[in-house]
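In the two assemblies presented below, chain A is common to both, partnered first by chain B and then by chain C.
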Partner chain A sequence: MVWNRKIAYVDLSTKKVVQKDIPKTMRQLYLGGRGIDMYLLYNHVKPKIDPLSPENVLFIGVGLVGGIPCLGASRCDIAAKSPLTGAVGDSNVGGFFGPELRFAGFDHLVITGKSKKPAYIWVQDGEIEVKDATHLWGKDTMEAQTAIRHDLGDEDVKSLVIGAAGENMVRFANVRTGLKNSAGRTGMGCVMGSKNLKAVAARGTMDLEFAKPERLLDYCKEMNDMIIGTRWAKTQSRWGTMIIFSNTNTTGLIRTKNFQLNRLEDGQDLEPENIDRYSIGTSGCYGCIVHCRHRYVLEEGPYAPIFAEGPEYTSLGAFGTMVNCKKMETVLVANHLVNKYGIDTLETGGLIAWAMELYEKGIINDKMTGGLKLDWGNEEAVFELIRQIATREGFGNVLANGFRDAIAKIGNNSGYYAIQVKGMSNLHSDERPTPSFALGIATSTRGSDHLRSRPAVDMYGLPEEVLQELYEGPVSSDYTSYDGKSRMVWWQELLYAVTDSIGTCKFQTVFCAVHAPKWNEFSKLIQYATGMKFSKTQLMQIGERIYTLERMFNLREGFTRKDDSLPERYFKEPTPVGFPIAKGKTIDREKFEAMLDEYYALHGWNKNGVPTKKTLAELGLNKEPTHMI
Partner chain B sequence: MTVHVKVLLHAMFKEIAGQREILQEANANSTLRDMLDVLAKKYGKEFDSIINPKTGQVTLDTLVIVNGKSIRNPDVQLQDNDVVMITVPVSGG
Partner chain C sequence: MQKILFIDPEKCTGCRICETVCSLHHEKVCNPARARVHIAKWETSGLYIPVVCLHCETPICEEVCPVRAIKRDEKTGAVVIDYDLCVGCRLCVLYCPFAGAGIDIVTGKISKCDLCDGDPVCVRFCDPRALQYVKSSRANMMKMRKAAEKFSELMQKLLIP
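Presenting the complex of A and B:
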């Protein structure tokens, strides 16, 4: 399966393409997808480069079992040095592009240099060509995909594209494919824009060969039957991740008015069932039996007609609770706009919510916003600011480089109100009542983020013996406790690193349920697909290798322990509302630091968060960079 | 004496019951298990599998949250004005 898939080096400056085999050693050490991308990132990106210079390198990698018919094995990883954070840039996307790239003969692309004119990369059945994209420049993310299919005369072409935000090098521009799928975080669309790269298109008809095809298909069916038989998968297939809103908003775990409240009062219209007013059905990614996103239509209103997919739970916060908009329709319009322009929904919503709090406090005013009334709940201001950010117009241009730059421009203690870590916005979750979640956003190698480690099962009040068996150590079942939570975060970081490297969906592993597929199931899938055998211990070590290499990249860029922290407000401002279990909560600074010590120790890093020599030797990282590929 | 409990239903539980919120009245000594039994008899499907018959505990694929805290052992006594949420553990972003 993977053995005849190539890595291609595409130099946009010279249009030269070199193809190579991927050594088996790379698979054994890093699997594929995020794992191999992180190896490439550490080896090919020189320290301290400007992430918007031609020296930055863009990596696209398909997961090791991408293309098999289960667990949403569609995932594709996109990496570079992040222009938003200066740290690891890395974002994972589902849909259909990843498998198509593999069907076209390639598992990894290494894209260097900068094209003089807008260009796109065309990959088809073992061949790669850099084509002119002048006619595509200026098209939104949907128009661009349609135009590429038309150009190539093939409706089955799948593309990764950027929109206006990427072209304008908005530092949190994303990479889009299909109607909804986005490699949303860390500004990989901005890196594409900096290289004048509008798209990467793929079409493949090359067979995939599996080590044990019959056993693989049987096992995929077993996985699918198991998944869709669960209550959580049935729920996701009906309402998607929006269903989380009902629980978190009721309890008081959701950021509202930026960070002023932890529950949106009168927010019933944002409850997931209300998508039914607009939904025309659900759709899914390649290899997924769940189908967790809605297709929706808005036939009326100033932005109509809208035909789109989503929204995720993230957008309910980004354009609902955080900006105090209480209508589902507002979220649906904003979700469509950010997708059309190609900007990260989470970063955009976080910045707008922050700006609204600054406006309320008089730190910014009408003169600075160009007359935009950034009052809470002003949906027109939200829509307009989305446009201004993507096009770098007016006040949008102040926000378009992300939190760090905007804080420097605005000054006046504005940074205190920014809910970000390492320069990247946090999800709309409020982690003050949940120390495990708080630790996870602080330690994430790509900046504040829930998809690097979130141990969602911490919320379920599971028996401690169940948690102990899962995490192989003592863990409190009380989500407000600090006990054992460093172990949870560490373990989930390893699991998600491996999940991103084999190319399956995180929602179908231990994100939703303790009995969802994990190490042993992954091991069987890898064996039946590729013939390679990994024990649970070996897979965990691979996860550790990937995560530690990401850490090494960040250390090389100058990040330290002090960057593994939280916005000051987490320590100082108690949650004002919610159930008693969630109300009046802050993060205890001493306990947080103790958790961080434990977390470093579990990774085999010293008190400063630097991997020890022993750890590097055990993981085989002591000689990196080794330039194997 | 009786206690009044607000029951918030989400996901399939809300669809089956046809309402988001129920005000449930129970005897002063009633437990969460008693109340879940009442709901199971009233609504049947899905509600009748909230408790795992083998373990007597709330099943791992259901969340029964009392005042914000997930409960596995339903032999807890209900208090007046408790808020009980019945939903499904789903996560993501």
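Presenting the complex of A and C:
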């Protein structure tokens, strides 16, 4: 049966592998994917360890319905204590690796210790082996995947790999699979590098059995029709997430020149339509009919030839608006570089934009940058700095440990200009006009991040009755308002926690479209796939359990209410440009704190953000760590 | 008029839903390794090619089958196996130039596309329409339109230097 996939404990120090069953109780409490990974994280990672030491543990998990033919059920969750933030490290990746791991017989891998020599883990049809990876060390993320396939003599092997950045333990190195898919955030590639683990490869041909296969098949079709029936998914199919740029750049919701402007003047070359000059078609992840990834070719210019996938909206900001580069080609080249090296596009762009503002303000100079002219729009400097960060050379090495370390090294009030929360860079969206988004990045358990909660529905100005029905409480339909926005963030946090745990794609639930599959649909999918029954209330409680456990991990590591905040500039500097709705906005500190109070109360946490005894008892978390698996 | 399975690799996005639903429909499990359709991928160059039985007019598998177990279903146009006759010699697997017949890794039997009795489940799920089940007249016209599109692009390049 589908919930019968095993968990394997791989000790890289001794090369010993132990396989175990995952008790059904674990499924009932945490489903799978991110949920079970978070349980493992809280239970297996000892408090206050050094995230780069062999004591840190890396978790790889596939969602409960991963591998079914709908809603992009391809997602794989990678977790560890984050070397970037010291908080929950957790990153989710699509593509084809997750399902392949399931077909190979495993849902969860717990990777401990450290290999003496470069190694990779090979998972095939119920068996796991730790293999030598000396010959793979030094290869970029694409070369490494090709070499592994060659090594194993099987074109259908799927791998999670790290590139130069992971090998060099850049704190925001990511884990990559395929041409584009990345477990981008919180530095999971850095943890792999610290363990001398170059890759995890999988190939599986084992049946995935279901409780009600016929009904599941029909329901998958229904789900696919439901999602592609939304305008958001249709638009995504054509343009990918880049489409967001059209709206945010016009309105003035996009960080430009780090944080100096909220709209890129003359930025028309970054409009999504211009990808057509380079695109040869779109790609879908496993089980996804939305196919939001563009395959693109760059035939001319100094960096050609490039064949790659992307870019996401994130890269348009990271290597476009934030560094004041106005050409699509710059973004395409930079996107390819970060992917090749295996570093998080968002963190890299955020740090470079920050460095450029420091350079402009004279806080850093040519001597510190090694002669690199960090002027706005200098694409050559951007490309060079990407390389330097990944290889830890020159000024790149100053940035390679992330914001906290770089602020400490540079000093001189540089921290004021850093747009980060809990040591992790904000997305290039400007949240000052949107309190709901602002609260979400402040409370995210993995450091500043939009994918823990972003209530994008807020942008549509939907009738309040619609919002009331969705969120089961009063929510203002004005996105600049603070009213009811804590409820929105809380609700989305629970929904995304469950989505990540069943292993479907966030873009195929209530992200931008209200009428997308959510609790009741998830409940049916789980029932037809596994036979387990969950009501909407039960699923929401599972989301709460997962989110509260993440909170407990962070509290144990010393995080407090004051870490659930925003960069000072959000409160002090009004947005300078944009439509009237977006111009002249700051976050009101008092209203923000009030939102935070409401938000804690909705989670059942006290004023300090600590879960109350009653909440812990209700969620069955009062005895954690319980070491069930 | 007989319908045919029409493949347009340019539209394929490589999501492998066809593989998954094929195994779910026929074998009641998800397992792309047991599907009768497969997306061959060259990831580094972005090529995705659906590979499935083409239900040839003069099927080589039928010709090489020593026990005459392969015949055409007149209703659906599918080239199908009569499992009462099939001895599993795998000559069809060996000789088919399009990899239209394979071996089921669990049962050991020959496994090939049977067009799901005239309602191919892969087609039903293929949103980008890389797989279609259409009348042959329609298939012809689709090819012609596509050729015309390419021709028109060429003409425009010649006319507008």
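In the analysis below, the second predicted complex is superposed on the first by the 627 of 629 C-alpha atoms of A that agree within 3 Å, B and C clash if a C-alpha of one lies under 4 Å from a C-alpha of the other, contacts with A are read in each partner's own complex, and residues count from 1 in each chain.
To be clear about the criterion, contacts are C-beta pairs under 8 Å (C-beta built on N, C-alpha and C of every residue); 3 or more make two chains touch, one makes a residue touch a chain.
Keep in mind it's a predicted model, so treat the numbers as computed, not measured.
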Touched partner set for A:Leu451, first chain B, second chain C, both or neither: first
Contacts of A:Tyr313 with chain B and chain C, given as first, second, both or neither: first
Contacts of A:Asp50 with chain B and chain C, given as first, second, both or neither: neither
Partner chain(s) touched by A:Asp375 [first = chain B, second = chain C, both, neither]: neither
Intersection of the chain A residues that touch chain B with those that touch chain C: none
Chain A partner contacts - residues on chain C that touch it in the complex: 10, 13-17, 20-21, 24-25, 27-34, 41, 43-46, 48, 105-106, 121, 124-125, 127-128
Complex contacts: residues of chain B adjacent to chain A: 8, 10-12, 14-15, 20, 46, 57, 59-63, 65, 67-72, 83, 85, 87-93
In the complex, chain A residues that touch chain B: 230-232, 234-236, 238-241, 243-244, 246-247, 250-252, 268, 271, 273, 292, 312-314, 346, 427, 450-451, 454, 456-457, 459-463, 466, 479, 506-507, 511-515, 578-582
Chain A residues within the chain C interface of the complex: 67-70, 96, 103, 142, 145-146, 155, 178-179, 204-210, 213-214, 216-217, 220-221, 224, 228, 280-289, 291, 295, 307, 309
